[in-house]
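Worksheet: the structure to be examined is printed underneath.
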Amino acid sequence: MTLKVENLRTYFFTRAGVAKAVDGVSFEVGRGEILGLVGESGSGKSITGFSVLGLVDPPGRVAGGRILFHGEDLVGRSQGEMRTLRGKKIAMIFQDPMMTLNPVLSIETQMVETVRAHDRVSKAEARARAVEALGLVGIPSPDERLAAYPHQFSGGMRQRVAIAIALLHRPELIIADEPTTALDVTIQSQILAVIQGLSRDFGMSLIWISHDLGVVAGLAHRIAVMYAGRIVETGETDTVLDSPVHPYTIGLMRSVPANLERGEPLTPIPGMAPPPLGRSAGCPFRLRCFAATAACEIEPEEATADGHRWRCFHPQIARAA
Amino acid sequence: MTIFIIRRFSQSLFVVFLTSLLVFVGVYAIGNPVDILIPADASFAEREAAIRALGLDRSLVAQYGTFLVNALHGDFGRSFVFNQPAISLIFQRLPATLELAFVALAIALVLGIPLGLIAGLKPRSVTDETIMTGSILGFSLPNFWQGMMLIMIFSVWLGWLPSSGRGESGEIFGITTSLATWDGLAHLILPATNLALFQLSLVIRLTRTGVRETMPLDFIKFARAKGLSERRIISVHVMKNILIPIVTVVGMEFGSLIAFAVVTETIFAWPGIGKLLIDSITVLDRPVVVAYLLVVVTMFIFINLAVDIVYSMLDPRIRLSETQ
Amino acid sequence: ASAADLTVGISAEPSAIDPQFSRTGNNQNAAQHIFGRLVEQDENLQIKPNLAESWKNTDPLTWEVKLRQGVKFHDGSPLSAEDVVYSLERVSTIENSPAPFTANVGSIAKMEIVDPTTIRFTTKKPTPQFMELAGMVYIVSRKASEGKGIADFNSGAATVGTGPYKFVEWVPGDRLVLQRNDDFWGDKPEFEKVTFRTISNNAARVAALRSGAVDLIDAVPPADVATLKSVEGIALHSTPSARIIYLALDSARDESPFVTDKAGAKLAPSPLKDVRVRQAMSKMVDRQLLIDRILSGAGAAAGQLVPEGIGGHSANLKPDAIDLAGAKALLAEAGYPDGFGITVHSSNDRFAGDADVGQALGQLFARGGLKVNGVVTQPYSVYVAAAGKQEFSAFVFSFGTTTPSAAPGMTNVLMTFDKEAGTGSFNRARYSNPAYDAKMKEALAEFDVDKRNALLAEAAEVAFGDVAIMPLYWPVVTWASRDSIAFTPSKGEDTLATFAHTTK
Amino acid sequence: MTPLVEATSISRRFTRGLDYAERLARFLGADIEERVVHAVDGVSLTINPGEVVGLVGESGCGKSTLGRIMAGILPQSDGVMNWQGKDMSALPRAEAKAARLASQMIFQDPMSSLNPRKTIRDIIGEAPIAHGMVARRDAAEMVTALMQRVGLDPSYLNRYPHQFSGGQRQRIGIARALAVNPRFIICDESVSALDVSIQAQILNLFMELKQELGLTYLFISHDLGVVKHISDRVAIMYLGRIVESAPADAFFAAPNHPYTIALLSEVPTIKQRKRQFNPVKGEIPSPLHPPSGCHFHPRCPHAFDRCRIERPILREIAAGHVSACHLNEMPGKAASPAIPTTAIA
Amino acid sequence: MTALTHRFQESQSFWARSLRGILGSPKATIALAICLILIATAIFGPALVPQNPYDLAAIDFFDARLPPMSNSMSGTTYWLGTDGQGRDMFSAMVYGLRTSMGVGLFSGVIALAVGTALGLTAAYYGGRIDTLIMRLVDLMLGFPTILVALMLLALLGQGVWKVVLALVIVQWAQFARAVRAAALIERGKEYVEAAASLGLSKPRILFGHMLPNCLPPIIVIGTLQVANAISAEATLSFLGIGLPITEPSLGLLIANGYQTLLSGQYWISVYPGLLLLALVFSINIVGDRLREVLNPRLSER
């Protein structure tokens, strides 16, 4: 198991109160596996990713749980220790390709420094590795493009550069935080193709964060659905998508228009997600849930069947079947 | 680049033209320099002779016309007081002002950037609050009052540093400067500090704001995710970004540094162009005032040009060659 | 600074080193060190021989001047009559000078070199003050300065004189450096090297002295005098100057711009026309209090243009004492028992305390029963122009006498404003009294110094009886030095290295 | 039937002109040109009353610009806009104003499209009051009714936009548009910023309103799934031009233009699991320097010489189905989907 | 669009936000209190102080330069001493505070009005109008404040309104630039387009919709500029081209006292200096805090 997260809690201790952004998340990612992490805005996907790398900014911090990377707990490690992992063993790609590269440094600088942050190699060698990485992500004539600055690249190209940087050290795990959300369909497709190929070729594990079920469906081996800081359902992609059991997952699927006849009214989930500050005890979804009962006043435990896990007192198993 | 220079150049020509016109009309409106310059026991005849000698008997339009024609030939008139080419008077004293301004700028940058970094990296800490309150103090103290206090404390009470004049100068690389001798340096410290204080505050705040704005950006987080050390992140990723506003603002402020030298030079009797300007205004020495503005405006233009070039070196998004 | 050197902090610097460029005080200060003149002035402004050993006027139009022997220029060449004639002729070739010496040589019709040390001057008309005028022109070396311009003097190339000090360098705005002339014909100057630093800001100048940066400063602000007195190691040197600070009253016009009735409406005819009103106003001014409180005692109450010792002083003219009752009576007599409204104007950057004096006068008039509509102070540049255009009603001015007698001041300030006659060029109040003018003409034609001075004094009595201007005080000017240096103060407000001596 | 709105050969150029210094430099021989963006390049689009037209295209292709022109916010550089058969520019003042009010736009960003300093009452009520459509004292009542109509609690009347969630803000925007009784609504990415569950709520609202008020929509989106769900007809834009337009069913059943085909095959859907991504190559060209001929030719797998030179015009290939591709003139050569486009359905 | 940007940059009522922001920092709270006290002093103080220092009949130069705590001839105590004209320093400072604040506020407000109108116009209409206005702004900003004021005052002569005018001419460009920048951002927002699409008139959009949203930067710059103006007036007075001498502002008091500072009569210069400092410093602190809470991205001056 490359990564195993157990009962992760990441809280923001703000003046207004404690925002439980991630509140008891558990999942695992095996070698070469692609995990799709889906959920609505604010459900805690990004914070989960940052927690793994130890990059949660104050006033947030990991308040509990374990993050086991090859069995070793990363929680509580010093920034110095984490630094040796970041970019080397675990890499991350961010959503907005316009913002992830430093606009005033050349691509070369940004790549070479990454190489040399972990490996004591000459500039020339670092550069060679940078050229190679750019080639891998499909940037034409990488040797020349190295001297360019980010603004000279289009969004898709920049995202490729970011991926190339993530690849420099052939990390065992890449956390991709909605890296294609800002891109157009055709360009998104290009990036997905690159990522998919790389993951396959190098056996890299991947956590793919997205709110687009379609993207995750096409890419991930397994899916974890987040709601209000918890993973409410997780399992094989096909299982989760074809026979979702959590009412939230079901509601999500019904909200996607493409699943319905044209013009037919959609079946949206009523209401909206609770804000992270005011979450009350019990199942966070119960106020929007069609199946909620008095039982939901307390937090459901995780139930499981054949690697398909959910947190709900009223799993819609019958429907699925 | 060419366009840029054309634009700057034509704009500045316009500015120079406008200011010279303004000064002419202004001086004409205020009074007759001769009234101030002639001795108290002068007779009518002497007065008239002086007026004629200085060309002040002619109409404003005629005077201005002559000025323009001469200016096109590189002659900007002679000082009424010194009877020397006004331009050469300015150039005589320009080095002193430039020296003062540059040293002040250096002080501001050398102290300001580290202080701003310290403050910006630990926002809301005691250190930050102290530095920031101090920098507001720098803004709040009127320049002349600072100067007075500096003199009072360091010259009069403590007797450490001289309070006026420029001191001995020596040569470094063929440039005559006070920096070459101890005496010169000692004379430079107080006025330069006085002049630097405002800029220092400015640099501190710019740096701090820059740090605070840059730190939460995604590319800093990405740099961390790459495993870079905090040192490299700050010294390269953050610094290079914040240098851009600092260079622009400080460059623009260099102009006001020279302008504010008027006050500092008055207080510290620094023989630069600022003091010359004040003196010239009080005696209505119009050619010198015009020449001052001319030189200063031209200087602004060159400074701005330099700033733009440095800017473009720092910020790849703005390359002068790319017309945008 | 070593013991043999002297550093002086001066409030104003020369505008040029060419001694003939301008005859304003600052230029003269510098020139007197480097150049000689036919005559020079003592502390009381009376003339005494310098390069001219003696002179006599053989008839009203002819003056014969004998030059001193053995005088050498700084370049070693001897002074000759030719240099003198050259220098006097050179005066009218100076260009663009706002204050040329042309009037000094204006009376000369002819110059003849009788022998290498004697020159005979012929004047156009009888000129009693010939030596006071022509004698004041600085003598330059013909050899060194022929064909040279102002820049050559500033750089030192043409700066060759006969004075006690040689020119070393001038950094405008900063300093003037002089070197002792070891071949000086007169008393050997004491200091080897003299540096004049320009420190125009008063406080900075004082601070420079206190911090030891300079050895001597001029124009000590009155307020600092008391403090400096108590400072260990500092000596003060004062003298009343021959500069009169006065209030001009717009007395010639029916309508004066800043005269109002009590309610603030325009008042015509102007009460200022009435001599009784002017007298009353003068009686409202407590000169001694003003001097004590505003000037920290640095002044001498004045009742006329020049202090004692200068030609034209009248022993009969005493400063008016404060007499509010008398003032009230006079006002009532003139028909203004309740007073009237007035605005006092003054400059604020011309002489020490000018703005303060204006305000103090405002206070005094208010207390005397006038309605003071305001006190307005302006930079001199603005002020002088407006005053010249008669835009004020009561305004403060000063006039510095630099000549042995009060004649120039009495001509320019008090005689009728008349371009043709060349009188009254500074008569901004437009005072005009034929009796006075006649007395003045008589005095100016008189060759005998004593008689002339007596006539001038009589004229002064006429003018000040009319309160042509309201004299206030003669400022006391003060120099301060380290106490190891003694300094001889002069009425001409000169700051000369030759006036300074070490005491130990 | 007269079309409600009809755009004929509409173009819109954004020009950044040269200033005096640049003109001078050019005069002196410098190589400087005006920069012109053809945001919309000769587009014709007809929308019938009651119809929903979906407009799809990639970022920067000119969808919003076209939408703004149709809403009357932005003047076109060339071409004619007809409103109910009459040239808009020739309408008398009063009618022009009425036409203008009858077309309303609903924007993408629910935050920036509401003035943060105004209460909901003002936001919704200001325009009707300003136009005298409702008396000031009746305004509150009207606003309340509208709020109920779009599913907002009327007790929120005096709240400010920041006190609402994204979906609620979008409802406020809709109520604001409805307040002036429009007939035609341009939805510019109106649901793109919303989470799917909220997006579904808003889409439902749009559909309801259409039913009840007989509204006509131009529905701009880059999400083909949404467009497919709501539109009667679909138009695809690429770099300022419409490359294909057809009734929705025909369009998804038989897409014709190679770009459309690429787009359809690359839209990720839940139905496709662990698929192989086979993207079209190349970047989207800059609208500043669009490729010659057919704008799509550099990325088109079928491109041939003619595509590089000649701009293909829209030709009808089936009833109501137009496409701008040279392949259509070569029988048997028309592009066909690499994968079945049923994937999206 | 991420959840964070939506949720953390929410704007609330702007006055509430400002006040809450200020009260959130003890430093700013104290500064605000000082500001308010000083404002109250400037407004009501002149009625309460022992002397009217602007009335020449009320002051007596017999009492000139008395040290603090001295008694006058008439027996009143000069708590802070007297100046060179015998003005009670305390009264003079209260009046001077009023003058300084008045000059600062008036010039600030007028400059703000002028700058805002021009800045908004430039931003909304764009094109030639924009170019013209912005060239003018560049011109003004390219010139050092102090020089422009110096020249103007040399031309205009002295007087409160002339100083105000000079400061307005010097300051308006700052506002215009800031307002234009803010307005450009606002203009890009969709609510402006929505308003246009709803057929609202241009002035209504400009002043009713855009202007209120440009307020935060305007207010921040406004406060800082008032502080600047007060300081600038003091400097001008110091250089001898500021206010009339009989109605001294704080700056003029300092300048007058400057001459005697080193003679030991420190109180004439030091007390007004401290008051000026307290005033400018506290305004700046408040402004700074506002800058932080209202508009963290507002560029430094």
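We just call them A, B, C, D and E in the order they show up, numbering each chain from 1.
Note that a contact is a pair of C-beta atoms (placed from the backbone, for glycine too) under 8 Å apart; a residue touches a chain by one contact, two chains touch by 3 or more.
Computed from a predicted structure; not experimentally measured.
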- Chain centres computed over CA atoms; the one at greatest distance from chain A is chain C
- By the contact definition above, name the pair with the higher C-beta contact count: A-B or A-D. A-D
- Task: Report, in whole Å, the distance between the mean C-alpha point of chain A and the mean C-alpha point of chain D.
- Result: 32
- Distance from the CA centroid of chain B to that of chain D, rounded to the nearest Å? 54
- Query: What is the distance, in whole Å, between the centres of chain B and chain C, each centre taken as the mean of its C-alpha atoms?
  - Reply: 38
- Distance from the CA centroid of chain C to that of chain D, rounded to the nearest Å? 87
- Task: Could you check chain A for residues that touch two or more other chains and list them?
- Result: 41
- Enumerate the residues of chain D that touch no fewer than two other chains. 19
- Mind pulling the chain C residues that touch 2 or more other chains? 203, 207, 210, 349, 379, 381-382
- Of chain B, residues touching chain D in the complex: 2-4, 6-7, 10, 323
- Query: Which residues, counting only chain E, touch chain C once they are in their complex?
  - Reply: 56-57, 59-65, 84-86, 154, 157-158, 240-241, 244-246, 258-265
- Message: Residue numbers of chain A touching chain B in their complex, please.
- Response: 50, 53, 55, 57, 79, 83-88, 91-92, 94, 96, 99-106, 109, 113-114, 117-118, 149, 151, 162, 165
- Query: Can you list the chain E residues touching chain B in their complex?
  - Reply: 27, 135, 138-139, 141-142, 144-147, 150-151, 154-155, 227, 231, 234-235, 238-240, 251, 254-255, 258, 261-262, 269, 273, 276-277, 280-281, 284-285, 288, 296-297, 299-301
- Per the touch rule, the chain D residues reaching chain B in their complex are 19-22, 24-25, 28, 30, 32
